Amino acid sequence: MKGFCRKIPALLAFILTPSVALAAEGRIDTGDTTWLLVSAALVMLMTPGLALFYGGMVRRKNVLGTIMHSFIALAVITIQWILIGYTLSFGPDVNGFIGSLAWFGLKGVGVEPSSYAPTVPHLAFMIYQAMFAIITPALISGAFAERMKFSAYLLFILLWATFVYDPVAHWIWGGGWLSKLGVLDFAGGIVVHATAGVSALAAAIIVGSRRGYPEEPMTPHNLPMTVLGAGLLWFGWFGFNAGSALASGGLATVALVNTHTAAASATLTWIIVEWLRYGKPTMFGAATGCIAGLATITPAAGFVTPMSALIIGIAAGIICFMGLKAKGKIGYDDSLDAFGVHGIGGVLGTLSIGLLATTAINPGGANGILYGNAHQMTVQLIGAGVVALYSLVVSVIILKIIDWTVGLRIDEESEVQGLDVTQHGEEGYFF
Amino acid sequence: MKGFCRKIPALLAFILTPSVALAAEGRIDTGDTTWLLVSAALVMLMTPGLALFYGGMVRRKNVLGTIMHSFIALAVITIQWILIGYTLSFGPDVNGFIGSLAWFGLKGVGVEPSSYAPTVPHLAFMIYQAMFAIITPALISGAFAERMKFSAYLLFILLWATFVYDPVAHWIWGGGWLSKLGVLDFAGGIVVHATAGVSALAAAIIVGSRRGYPEEPMTPHNLPMTVLGAGLLWFGWFGFNAGSALASGGLATVALVNTHTAAASATLTWIIVEWLRYGKPTMFGAATGCIAGLATITPAAGFVTPMSALIIGIAAGIICFMGLKAKGKIGYDDSLDAFGVHGIGGVLGTLSIGLLATTAINPGGANGILYGNAHQMTVQLIGAGVVALYSLVVSVIILKIIDWTVGLRIDEESEVQGLDVTQHGEEGYFF
Amino acid sequence: MKGFCRKIPALLAFILTPSVALAAEGRIDTGDTTWLLVSAALVMLMTPGLALFYGGMVRRKNVLGTIMHSFIALAVITIQWILIGYTLSFGPDVNGFIGSLAWFGLKGVGVEPSSYAPTVPHLAFMIYQAMFAIITPALISGAFAERMKFSAYLLFILLWATFVYDPVAHWIWGGGWLSKLGVLDFAGGIVVHATAGVSALAAAIIVGSRRGYPEEPMTPHNLPMTVLGAGLLWFGWFGFNAGSALASGGLATVALVNTHTAAASATLTWIIVEWLRYGKPTMFGAATGCIAGLATITPAAGFVTPMSALIIGIAAGIICFMGLKAKGKIGYDDSLDAFGVHGIGGVLGTLSIGLLATTAINPGGANGILYGNAHQMTVQLIGAGVVALYSLVVSVIILKIIDWTVGLRIDEESEVQGLDVTQHGEEGYFF
Amino acid sequence: MKMVSAVIKHYRLDEVRKALLDAGVQGMTIVDVKGFGRQKGQLEVYRGVEYEVTFLPKVKIEVAVPDERVEDVIDAIISGARTGEIGDGKIFVYDLQDVVRIRTGKRGKEAI
Amino acid sequence: MKMVSAVIKHYRLDEVRKALLDAGVQGMTIVDVKGFGRQKGQLEVYRGVEYEVTFLPKVKIEVAVPDERVEDVIDAIISGARTGEIGDGKIFVYDLQDVVRIRTGKRGKEAI
Amino acid sequence: MKMVSAVIKHYRLDEVRKALLDAGVQGMTIVDVKGFGRQKGQLEVYRGVEYEVTFLPKVKIEVAVPDERVEDVIDAIISGARTGEIGDGKIFVYDLQDVVRIRTGKRGKEAI
């Protein structure tokens, strides 16, 4: 206690020292800054959107617990990010593997533009990236919906953000080794969707199937809520992908057009496939399809033409649909299809760059096979493969450790009663 | 098949050729571009908003089918737009009647600014306009809610977008004959609301009333959902109207202020009228009133003063309210009042320009009667009249053709069971 | 009548005279204007967000009545603002106490920038401020949820906006006496949250407890709706706080980062406190915590460092939690905790400026105690104290007058049946 | 006294209510139920997973009547609910030992 | 054994539950219902279209009791539910042929 | 004829339905109810205010059967619903005076 008290002045000094200074705003472009701030807000909204998207899909008794998985990520990861996540991901590079702790607690991160985005305040780039770090672990929560202990979940996202997301973000966006290798990922096909998707697969298997799965019907309790979530996600995704241009203008515009196009074509493809396969096109399918299209175009949004985006969306609709069927065949319970949609979509999109990217769209990018450059595909394969493997291994380790210590799953009786009452002591609806 | 295979290289070449080039961004203004991209996102959100607005009004058994009508327009019309809709609407003018196919598949539509919006990438203008093309047919769906075959609906919106929306958009916004005549329509009173509203009236009559209408009570199953939809629509409408300035600055600001003002005064007027007429002001009335005000101010938003907008809102509240009563008297079943709100509001707003427009607000506009220019009213009457007639005739033709081929309506038993189960094989809620 | 008719030309002249002129847009910055317009849209969305946030918390029978309280403020206060509210708040100063009526009906408020925000159209500043005036009285409605007469409510918000909000906004933001004293309030800790919160306390006591309170269980009927509302509020709050920089750039960025940080830390703190106190962390607690954090950081968002924001959020989580418990002890029925969250949070945030503000963040601000300036705390205490007292007294007077004339409360039988049926003649759900 | 309870299709409720009023019934209670019988449910596919939804939404009416009115009430329900299609529903008649009007405390026939 | 079933106003439920517990009842089942009787519904207007909402929300309680407790239970319900206003509701008493506790398989009175 | 009514846990519904089909039952009606008995509810805290939630969600099944099938049906319900834990639920058996199939107007046993 004495020791702690002696440390208070130092702590205070740290907290109070304004790393932020308002000097030299000369280079800041108001249009670009507005775009990045708006994009940050849009991406933030995706997390409540995801909460509703997932929340509508579970059974009524788990609606709050499921929503909470996304919502609490807003709290936990924001704080992790500001303290250590941002510096691990984007701080000064250490051997291409991780950012140094130089920017711990946002030290030195102020309103001066950074090298990442030279026309906007450094803090704007930081908070924009924070929103990505938040939603990524929340995506995983779909894999073990309706059965995870809340304390285990908190531990999981904290460790996962630190040991999976932050390093991978550094490798690809923070100047790390994969970016030096030339791996392209415009807005997070690898960093967000592949990491989340592969970890989701691991989690679904390690946590185990829901009680009663697959015999007992587990129909979504509120599909309009899921559609609302999908709508907010689509809306927010404009910030996610087009904001990743980190400036307003032509590239942001192309990314936005591609995002919308792929979402549309994946949606249509999905319901056509359903129609052919099951005789009826569903609203749930349309909502799922748009998310598959959005996840798939994410890495490619700033590298391909709108017509290519159209095709990427079609591919997303077909391949993610098939991916979803896999779980039935193989037999794991990826309850809300976090792997089927984000894992498969993220990897598919990453590889689509190797095929369809063109420097005519983005001179900072590369050409794909169809533009005469087969090399990029190899690079993309390496990028996706290494990250998938890394995410898998580290996720398994994290999950196992949690399982041995606090335990991953709620007990049988709690599962029957539902997360809401047993984990949170409250109920979603009193109708 | 052989022939098709031979065509693949050409197809590939077409898809891959980047119509987009990043040169000469000099003239692009980052603030304007940000504004148009944000506006595009806002207008996109209006379609899920509409889905919920309508979805809450129907009976529980039709909630997903109704939401689907809006949602699927996002998919179908986006693709139609990118392939042919945009070039038909805004492509090089052919005799004042239609755009040529020169920009088929976005050929030549890149990041270079267009003449439509000289400070933003052409693609930004294109995608912004796409969002208008999407929501317009979705508006119509309110007229035949709870009884339309899904396949017929898909066909309908595809044909309607191509043969009604695209030509009319060309006439008024794409440099066509009505624009040369001087017809003013700032953000779509004619192009969006009048076309949709009049076609809705045709559709309500041709499709016929719902089974049990008007004896059986058909109360909205979830009004909070409708209010949520109204809130998102109001929010998105700022992009719809103020974005139509196609640049940030004074005109966008005036349009936004007018939009908000008219929405507010129509809302208040509506509940006052209800209060006087039925003894109680309703939440449903307030939600309806705001949409009436928003639809009505749409064409005038960039041409009138805020005080005129206040008055336009009041007129919208009174006249649309009376319009809604018409259906009871005349006896057609415009189930969610697509004609009563959008048709009447759109025409009313279009004519309000003839009365209240002033070049002091928009030098590119005109003066109305109260500013000493009676001529503009004539022009507005012609514009609204011609388009209403055209929409009516073409919609009737399209609907009749669909009815004779695939059939417009679901059968009686399906109507009793609801769209969700019969058209989509799923249910909205498992509570 | 005769007299009135004679006045029509003058009235017409007033309405039609375009106070708006498009000259000299030279100084307008497109990036800044876009930011302010977007922020206005974001803050507008907060009111429907609040409607849902509150709507989910009440019993099913009151859902529409509760939503209506927020929604109708959009209509009523917009018109009040445009006619007299804006000029009372921001019009030319009269003795430091109130704005003159010079800008009645937006006379002279055009697209020329004002002194308040020199790079954006005056009308943009006006409409941005309108959104604040709208949501503030709506916040109060939580205090007397489920029992207020609708006519009384309309009267209340109209009078309250005119006699509490407008003067206080003038004192602090419109160049009035408190601003001259040096009171700092970045985005409305005093002007919005303290005024609303204190008035809420008065209202809860004067209107009296709900029938059956506290014995009868009054659990929230739809918590997912409340979470959706919280998500929209969080999203909109970026416009609320970061928009208050009135320009894009460094200060807006810092405010946005602080807003997000405090929301996150308050959310986490709240559920930890709950966990320790009741054994379970709740989704409802997380949603409440984020609003507490957002309300508390509001006045300080543009004056403190992100690390200070983190601490302010933690303080908000702890102190507002304790504040909520007060009502149980003291025994008034602040049904949705408008005082507990906004009153306490607003004052806490206002005082946090006195402790943590630094001119390194905002040279236009001041230093707090921890930066060596004890004086600012005194000023903040005076500001918060005077406004709290003023709000209390005027609210009591307004409420008493309404009670004596139209009556504040619905009768017992109506309360049992609910607001929806008795005040609005409609029902929220037909499931 | 008897309690006549009927499971019918939702969209016939209004007709049944009217027929019962015409038959002199002065009160009734309804509740949303789900059921199956001859009429089977349907297959619903959620994200490729097929669920057989066995239960269809129905509404149950309960009308307490004096013994002598039972047949009239049954006839009224049939006249309002019959469409001739499968799933029209069933009527169940129970014996009622007693009825109490809470407001007055009156019992038996006059409490109905 | 008897099944005592009562349709009451929602906001009286808590009082009735307490009165029943005081009367020694150890279990009960409730369900949301809608009903009308003396108390009529109201007119509701949705976008200018008037609908008569005939059914008011009520809650139905079911309590299984041994024959000798029936009167106590009726009294308890009345004491909790009566407000003296129209719409207070009704109590219906049915004969119960048998009761089975699923967990133990026990039947009859001791299964209640 | 008898009406066999059972209050069971939601997640046992599917098992019970299957057991009843196996026992030859051709129709049934279910309704969401809430109840308490041995199994008590839980304390829920909303913004620091504690509410005791007494009623737990259950589902009630109703199966009309000819007299001779009652025991089979009871057994089927028990076999499907029993978990051996508190709150498994109860079965109530009522006498049915008559059954009418609305579609055909047929009455009695053959209408079931």
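Per-chain residue numbering starts at 1, and chain names A, B, C, D, E and F are given in the order in which the chains are listed.
As a working rule, a residue touches a chain if its C-beta (ideal position, glycine included) is under 8 Å from a C-beta of that chain, and two chains touch if they have at least 3 such contacts.
Since the model is a prediction, treat every value here as computed from it, not as a measurement.
Undergrad: Taking contact as defined at the start, I'd like the list of chains shared as neighbours by chain A and chain F.
TA: Per touch definition, common to chain A and chain F: C, D.
Undergrad: Mind listing the chains that sit against chain A and also against chain E?
TA: In this structure, the chains that contact chain E and also chain A are B, C, D, F.
Undergrad: Roughly how far is chain B from chain C, going centre to centre by Cα mean, in whole Å?
TA: Inter-chain centre distance comes to 33 Å.
Undergrad: With centres defined as the mean C-alpha position, give me the chain A-chain D separation in Å.
TA: Measuring from centre to centre gives 51 Å for this pair.
Undergrad: At which residue positions does chain B touch at least two other chains?
TA: 29-32, 34, 38, 217, 219-220, 222, 228, 278, 280, 282, 284, 425-427, 429, 431
Undergrad: Could you tell me which residues belong to chain D and also touch two or more other chains?
TA: Where chain D meets two or more other chains at a single residue, that happens at 31-32, 44-46, 53, 85, 94-95.
Undergrad: Every pair of chains that touch: which are they?
TA: Pairs of chains that touch one another: A-B, A-C, A-D, A-F, B-C, B-D, B-E, C-E, C-F, D-E, D-F, E-F.
Undergrad: Which residues of chain D touch chain A once you look at their complex with the stated criterion?
TA: Those in contact with chain A are residues 44-53.
Undergrad: Going by the contact rule at the top, pick out the chain C residues touching chain B in the complex.
TA: These residues of chain C touch chain B: 12, 14-22, 25, 28-34, 37-38, 40-41, 44-45, 47-49, 51-52, 55, 63-65, 67-68, 71-72, 74-76, 78-79, 82, 105-106, 111, 120-121, 123-124, 126-127, 130, 150, 222, 225, 228, 420, 423-431.
Undergrad: Which residues of chain B touch chain D in their complex?
TA: 61, 212, 215-217, 413, 416, 421, 425-427
Undergrad: Applying the document's contact rule, which stretches of chain F touch chain A when the two form their complex?
TA: Residue positions touching the partner: 9, 11, 14, 42-46, 53, 85.
Undergrad: Show me the residue ranges of chain A that touch chain D in the complex, using the header's touch definition.
TA: It is residues 214, 217, 219-220, 274, 278, 280, 282, 284-285, 288, 321, 324-325, 328, 337 of chain A that touch chain D.
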